[in-house]
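Have a look at the structure below, then the notes.
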């Protein structure tokens, strides 16, 4: 941690800081410049982060040097993590994993029909919400356990893994019985209660980035899960909120490479939420694979006109099939498979 | 709802939309222009919102006309709501309500000392977190029930109401025993599980705006609480995330007047989080009162150097006292009291 | 400047940096921590800023310590600047200066009528664009010199100063003949050619903040003007671009106090552009005065229905009059005058 | 244009609007709903855009239906434009065009050395600034005409086209003598004076997106150039400003596909500014090509440690060479060439 003093900081103020930090067990290096003095502090991270040096008299600015996350960092673990979704399916490997399905599980028949089609097209994970966090209390909120049962049935019938969102820590025991990957939605990225309890499960967790979360905050949220013992975390970039209104969100494609530098965790891109428009999903998907994403999660519905949520950004199964063919070529071009 | 068709939309596509919407019980007005056709749809809001007309062939854009919130709106209730925090203390009235205290309850002694001082300075509500949602899992997470007990003790000793954050729906029964107002933090603004359960309590809820929530989304979250039967919701503007880095957040002062136009609910401003720097709290507080806020919630700590969180933006009690004197004059200037 | 090295940086890399920076005349302080080494560099600012230390092998991050602006800073000049708009009118003093008028000068008659009314209401500066930068090439672009003549006439007839926007460096000689303050619009905040030439004039310049400029960038743009010799710069906060869509822009009210801390230059707030809606102008104006703004620039039009631009955010003269009465009270409450 | 009235709008207010719009030559369709009345207006665009219907009594909201740009739109010209940079070099074709070179032209020797290397690697356009708009007035501002001469020399020696930024309309006659493509930088995207004069030249113009410009505003700025007669406009996405601080800007990869839908103009991506870090340039470049960009403009410097600007985001020639090899494969995968 680096403490930059004001030009007019007095010797007494400097000594006060040095004393205080010494008492906390920190080691200080003082650099006295012509215009101002700078103090470098070295010591246990926890002490550094918690001490509010900004409020000490004479201090102008405090600059942290160390990243606040540990277990999720590349420094902690050099090799990229490969996470087993099922025995025969890992994410983080050479193979880019395709997840697809409707925004919400609406009924048994529709879900099974979609599952069959996306499986045939090449997807290995079926998505579908049983508990839907909706902006309006008057919108469809999901089928609950009934929806989970349909996911399980589709999973068994078509040999496809499943991912579904959990919104309440009390639903976790129920969810783990039915699905392979527990998803944390963007709105709950900093629901620390939920994160901590997911850290105690043994299921992979897919953590979506909050709509205006920095990459650092996102990694800190992942750290909550790892710090409880669950290292099977998949990150999911799903677009951030910006001033642009042509698209529902702005896909932060840079995040793929940044996350790969900072962390060993795999990263998936959601081109459906990141664009909000069906006609933009294909180009966003190609970009994501080309940028190095380990997987994609795409909304597919066979009757978008009747979808109960997000129909406007859902591909139809044929569209998804032809997208998969395109993506295979892009994956091969960068030395991966799909 | 208004459906704008593409210039090249065919008659068949228009008829498809008209048929579909007729079946849903909607009434359509068709305007055929030289360049394109526009369809106005009137009918039950729920049906309108849920039907994904954007995906119908020939449709270019769909524009909603009605606001999606009801119970929180001025159209639903013309008069501004006055919410009883305690028998003798209402917010939404002529009197601007001052809430103050430390970010977190750290220990009994400190809390009581601060409570005494802010009460003397003119605050009528004591703030202090017992459950702290922190970006890092390694940071101080609050004292839990012990902290709530100290709040209760301070409340009784100094005759001051209390507000504290709830982060887990399972903590609600505990919280209602100890505090007067249950606060929902910015990170949980769209934790709908939590909102819904708060809607079933009889305690006033202070709902902080999410760091990148639009005003509309914020009101929709309030609607979750009201729709469960609890109308005692206080909104709190605490700064939004923007590109500016000189301040921790950007105080959206416009939000005060916008909320007053759209809703009958009272609104409070948090100048501490909205600036993130002690030296900026006074000007932000004056602006908030001048703009028409019904209350302020200010971080005050008697030893910011030792605060376990947010020390950098906390006023010391003397600073708070002199701020209150300034604010009284501003309140009087706009015909209110404080 | 502080150079943070990567944990794995080698001794050879450290020596390479030390050699290089020594050759540039910089003085280095090396702090070797357990995890990583940090180098503090002291020397001439220009050298520091220009050397791309980020690209040296082994470097993780470079953190500048000194603010990049000089002449505009409080450190350069402790006392707040008072700028003479006319002999009898200064901004930056106890008195809050009111500027008002139409967005664009539309015709002689309308301008004179508005000038008379705002002068009577208490404004001391008349605003009105003769050269209008418009998003669309097909929109009204202003009357040019004709508009400037009407401004001059109104100025003489009613004893009111004038401010008008300059968009082309080639227009400066023309503008200085007619108006008292030359305004740089938000879109031209980083038109450095224009700024530099304004720095060579002797007229006060009002520099609007770019729609997504940080405060630092804004001060750097002011520095361009001061560095050419013109110290009479008035800053104008006019709202920034955020994700919120209820208002045209988000008034960054924090910017008033931040600018006061960092710079000696006066700051004005434009509540019309910062809200974009007539009904919000009054609360934003009160907030601005309460926060400490040295002036306001308000759009006023006597027939907003017929305004050729920005009618939707213009007050009518009666509305402006009653706002002025409100603002006088707020100004007095904080120890100023208006 | 659609005018949504307030629920409490009176019949008199409705008639006032109908009369007014009739006088303007607009045709109105009135839809009277249970809750509110909606008026659809059809007529000449210019009249619609300019009339401030928002300020009429009884009006709640006005929603424009038509896009405000014409000449740049796909509706105006269905086929994608192919722009000739030189006789033998077109952009907008199957072949993805590579532009590369230093941020600024620093001296003759360096420029020639870089030109030789990027040409060999596969670039067909050399970039390099002779007039540099810099945030600080104290930073290197470019070599001016001397720099242009070196560009010309490099162009002739290595048979490579050139692109360079123009910042002052008065420099245009000079620039057209030396370079093939005139670049408008992000800071000048709404310098309408400059745009209009570029519209009168016969040289291709590369228009960079402003750091916080919406896609619509960007296209409107292009419209300024086309409306003066110059249809040879190349758009350049270079990253937008968001809250994320890990990268210098956020590459809005969605913009590539959105622009392709809305406009016939070719679009180039600048992965150097869009990331701000050398290590992220490759993944951003691959994403851009995969998303469908018609070209890339990449900063390359053979001694980034000594670059006078943007060294931190410049590739070295070897890095550029190996990136080109990667990109060729990605281009082929999506049916293009490079």
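Letters are used for the chains, namely A, B, C and D, taken in the order the chains are written, and counting of residues starts over at 1 for each.
In this section, contacts are C-beta pairs under 8 Å (C-beta built on N, C-alpha and C of every residue); 3 or more make two chains touch, one makes a residue touch a chain.
Here the structure is a predicted model, which is why all the values come from computation and not from measurement.
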Minimal path length between chain B and chain D through chains that touch?
1
If you check the contacts of chain B and chain C, which chains show up for both?
A, D
More contacting C-beta pairs: A-D or A-C? The answer is A-D
Let me spell it out: compute each chain's centre from its C-alpha atoms, then which one is farthest from chain B's centre?
D
Just give me the whole-number Å value for how far the CA centre of chain A lies from that of chain B.
26
Indicate the whole-number Å distance between the mean C-alpha point of chain A and the mean C-alpha point of chain D.
31
Find the geometric centre of each of chain A and chain C from their Cα atoms only, then give the gap between the two centres in Å, rounded to an integer.
38
Multi-chain contact residues (two or more partners), chain D:
212, 241-243, 245
Of chain B, residues touching chain D in the complex:
2, 4, 7, 27, 29, 31, 33-36, 38, 40, 42, 61, 63, 65-66, 75, 212, 241-243, 245
For a test of understanding, state which residues of chain B touch chain C in their complex under the given definition.
212, 214-216, 240, 242-247, 250-258, 261, 274-275, 279-280, 283-284, 286-292, 326, 329-330, 332-334
Chain C residues touching chain D - in the complex, by the definition given at the top
20, 45-46, 49-50, 52, 54-56, 68-69, 133-140, 167-170, 187-188, 190-193, 196, 211-212, 217, 220, 223-224, 227, 241, 278, 304-305, 307-308, 310-312, 314
